[in-house]
Amino acid sequence: MEAASIHNEGGASPFKRASRAIGDKLLPIFAGLAILYMLIPIVVIAVFSFNDPQGRYNFEWVGFTTEHWANAFGIPELTSSLVTSLQLAAVATVISAVLGTMIAIALVRYEFYGRKPTNFLIVIPLATPEVVIGAGLLSMFISFSFPLGFVTLLIAHVMFCISFVVVVVRSRLIGFDRSLEEAARDLGATPAQTFRLVTLPLIAPGIISGSLLAFALLIDDFVISNFNSGTTVTFPLYIFGASQRGIPVEVNVIATILILVALAAMAIVLWQQYRADKMAKVEPEPDPMQEHPRESRKHAVTKQTP
Amino acid sequence: MSGGRRALPYLLLFPGLLWLVVFFVIPLVYMGELSLRTGSLTEGFFFNWQFSNYSDVLSDYSQQFLRSFIYAGVATLLALLIAYPLSYAISFRGGKYRNLLLFLVVAPFFTTYLIRTIAWQTILTDQSPLVEFLASIGLTSNGRILDTPASVIAGLTYNFLPFMILPLYTSIDTLDRRLIEAAKDLYASSKTAFLKVTLPLTAPGIVAGTLLTFIPASGDYVNAYFLGGRNQAMIGNVIQSNYLVTSNYPAAAALAFILMLIILLLVVIYIRFAGSEALMGDEASTT
Amino acid sequence: MRKVVIGAAGLGAAMVIAACGGSVGGGSDAEITTVSKGDAKASGTLVISNWPLYIDEETVSNFEKDTGVQVKYVEDYNDNTGFFGKIRPQLEQGESGGRSIIVPTDWMASRMDGLGYLQHFSVPDDLPNVEANLREDLKSPAFDPDRAFSVPWQSGMTGLIVRTDLAPDIRSINDLFDPKYKGKVTMLSELRDTVPLVMKADGINPDDATKEDWLKTIDKIESAAASGQIRDFTGNDYAGPMVRGDVVAAIGWSGDAVQLQADNPDIEYRMPTQGCILWSDNMVIPVGAPNPNAALEWINYVYDPEVAADIAEYVNYITPVDGAKEVLAKKNPKLANNQLIFPSASYTADCSNQPSLDAADEQEIEQAFERAITG
């Protein structure tokens, strides 16, 4: 971690310099290893998507075939479960990102009565075992004779994603430089314009992180879905079921496609994000005349200490 | 104008909190009531303030509780040790590729844990060269990794890494680089600069990350189920089996509430200790 | 705001508790409903919940073509207890969640019926194919002597699955306790499979076993598990470790073995020297099933030997339908002669049916077993 060093020139012994050089290299090497570690299972999944098992179990390498790639969407139940899950994840991620971001803004930006219970309400779903959420929700839906299916799944997913979004977006908001917003307002922007043109682009990385987390949670959820799905089958439900009798190779294919598509989609989002970031990062020249002696200048003042 | 401003936070909170109250608090109240019932599946479960459910399950399953928190704690620490340098490296050294790198890191989590976990089973099988190597240098128990505490902790660490990386990265990436430069000028040692400036400023990310990892990890059942053997069952597995297998619904509900209570207690202590507002703080910004 | 929230929560909670009534479980007190076909031709939509990969690819569409019934075939029955946990609150309210057929294993079918969750029917009146073709030995099981609420979908044997290359000498359940194979064997997490098999190896007849016998056997299993002799307790997921060789012998299901041989010819089902456990997964019609008429039509349809042969060829478990063997012999003689799919009476002579537990002891035994398998 101390490889954070960049420059501290002069007077260092050769030994010290050498160790710093190693330290400098250590961080990227470590990061590379960590990324490798994260990707190993994906490589295994991708490799086994070309496997040609004789039976139903795709556990051991048998031989190479592209047959399952050609047949990627040839299992109707699998394909429809995937479509269901993607629809569900998309809608639920958007809803929970919006609701979660709103809560995070309220918590960080405003003083209000009832902050403690609100915080409590945000944390406690994180600490609740899935089976309890799943079973509790099911009991509620049933006692109100609410038909189980896509809608109940959506409700449940949004419910357990909100807290994650709040926590992630909040950690971005706390370290947020408010002088930019002030500047925008001074320049005559309405609060709505300020939010749209300044605040949103700046907290966007937090929202994106939160949404990614939400999406990753959604595409994983088995327990809560299992209770509240009715006869709707989601991707994790299908795979869990299939794992009882051998997961078809097509699942590996689809998993690989999913990652590739995710990467491609992200690359596009990122590219746009990158441009937005670039625009937002054009900071105003620190002009003492424009400074308002408001408490929120605190941040900006600290920043200018150097 | 001022009336509108005062209403604004409530308007922002309202939809999200309403959602949580209706779809989380109410089901939870129902489960709370269930935890105080007594009976059996055939005779029915009747409500009679059966508080002994709580003491019973606590004494029956204290070992699994302890095990869960140890596994989750170790996994959280490991995840932090992996995620911090990684996030730092991506943010500081990634340059214009840093968002791409971040996504590369998170991408594995867009498949279902089940496929990932099965991939890990393939990697960690007793016959794998990796395991044979570890066994030859005496790092395994009985020459295997699968179905041992090591595999469960490794699984927890792996599966919860994004919960650590995303908040950490968000917080490290917002860090004002000029502050570090300034600190280096002041302290003239990158180590001190790191300890006195970087670390404290990224504390909200560390706190958020450790909590987002630790909390779900302690209630997790998936990793112990797939990567652990009989002697690695965590409290999540016990809750599952009480609810689903033995249909002992009151016990399962009581276990869940004890788990939540302990987690909340640990969280409060931790936040006191870490002194951060990242998750539950009260002294949020002073506008 | 806070007041409003708390008020809403309180109100909601009160409504939930009121709506849920005084009792959870305990079955409905309503009388058993009986379904019959009458003269009406089956039509409409039929929702079937079955285990994954438990049917061939043709039968559903053939049925739709032959009868005009639209089928929604859902593979969401992953395990007995999980499915029960999820559907029980609905059944308690007299609803089946739109399903007209589900496929529980014997003991679960028996439990569901005991709780009043199943509808009854008459095999002679409404299911002529079942009447004609149901295998003799399956006609009157202890839990449903008249087949009044359950008709077998497929049957199977629980016994030994062995890697013959790695553990050639395992033939009895007792061999699983051999220290030579410490940490290399698994057992099923299904109480009613694992414990009776171990009992048989100890010379106890599961049908006559007392509660003490059960608890004693569970103790034996627990100490073997605690010592690390038994690596894990599994569902179908013993297959993976077996293929990889992490596990050399397991208690498992016959149908899996047929499948696994394709993956690894060294994997073999072995009839334990003291016999196996026989079980069936049964088609049942839950309370509140929307289209019982079509459900009966389906049950009858799959008891046509031609149809049953198609299913057996794909599924590789034991077919409960007489005549399927003869049909399959023409198409696939190798499968038709497989003892695991069409076992002879002498092959299963020492086997026992999956025992049903006394309701009074059931909970205690189940909990003891759960404790034994989650250390």
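The chains carry the letters A, B and C, assigned in the order they are written, with residues numbered from 1 in each.
By definition in this document, contacts are C-beta pairs under 8 Å (C-beta built on N, C-alpha and C of every residue); 3 or more make two chains touch, one makes a residue touch a chain.
This is a predicted model, so every value here is computed, not measured.
Chain centres were defined as the mean of their Cα atoms; on that basis the chain farthest from subunit A turns out to be C.
With centres taken as mean C-alpha coordinates, the chain found closest to the middle of all protein C-alpha atoms is B. Across the structure, the highest number of inter-chain C-beta contacts is found for A-B. Between subunit B and subunit C, the centres computed from C-alpha atoms are 36 Å apart.
Separation between the centroids of subunit A and subunit B, computed from CA atoms only, is 15 Å. Centre-to-centre spacing of subunit A and subunit C amounts to 40 Å, using the average Cα coordinate of each chain. Taken residue by residue, subunit C touches two or more other chains at 1, 5, 16, 20, 82, 85, 237, 240, 244, whereas all remaining positions touch fewer.
Each of residues 59, 135, 139-140, 240, 243 in subunit A touches at least two other chains.
For subunit B, the set of residues that touch two or more other chains comprises 10, 13, 17, 21, 25-27, 30, 118, 121-122, 243-244, 249. Of all the residues in subunit C, the ones that touch subunit A in their complex are 1-2, 5, 15-16, 19-20, 47, 49, 51-54, 72, 74-76, 78-79, 82, 85-86, 89-90, 93, 95, 97-99, 235-237, 239-240, 243-244, 256, 259-264.
Interface residues of subunit A, counted against subunit C in their complex, comprise 53-57, 59-60, 77, 113-114, 117, 135, 138-140, 142-145, 148, 226-227, 229-231, 233, 237-238, 240-246.
Those residues of subunit A that touch subunit B in the complex are listed here as 1-8, 27-28, 30-31, 34-35, 37-42, 44-45, 48, 59, 99-100, 102-103, 105-112, 115-116, 118-133, 135-137, 139-140, 155-156, 158-159, 162-164, 166-168, 170-172, 174-177, 205-206, 209-210, 212-213, 215-216, 219-220, 222-223, 235-236, 239-240, 243, 247, 251-252, 255, 258-259, 262-263, 266-267, 270, 273-274, 295-296, 302-303, 305-306. Subunit C contributes residues 1, 5, 8-9, 12-13, 16-17, 20, 22-27, 81-82, 84-85, 88, 111, 114-115, 182-183, 189, 225-226, 228, 230-233, 237, 240-241, 244-246, 359, 362-363, 366-367, 370-371, 373-375 to its touches with subunit B in the complex. Residues 6, 8-10, 12-13, 15-17, 19-21, 23-28, 30-31, 82-86, 88-90, 92-93, 96, 99-101, 103-116, 118-123, 158, 161-163, 166-167, 169-171, 173-176, 178-182, 184-185, 188-191, 193-194, 198, 201, 204-205, 208, 211-212, 215-216, 219, 221-222, 235-236, 239-240, 243-244, 249, 252-253, 256, 259-260, 263-264, 267, 277-282, 284-287 of subunit B are the ones touching subunit A in the complex.
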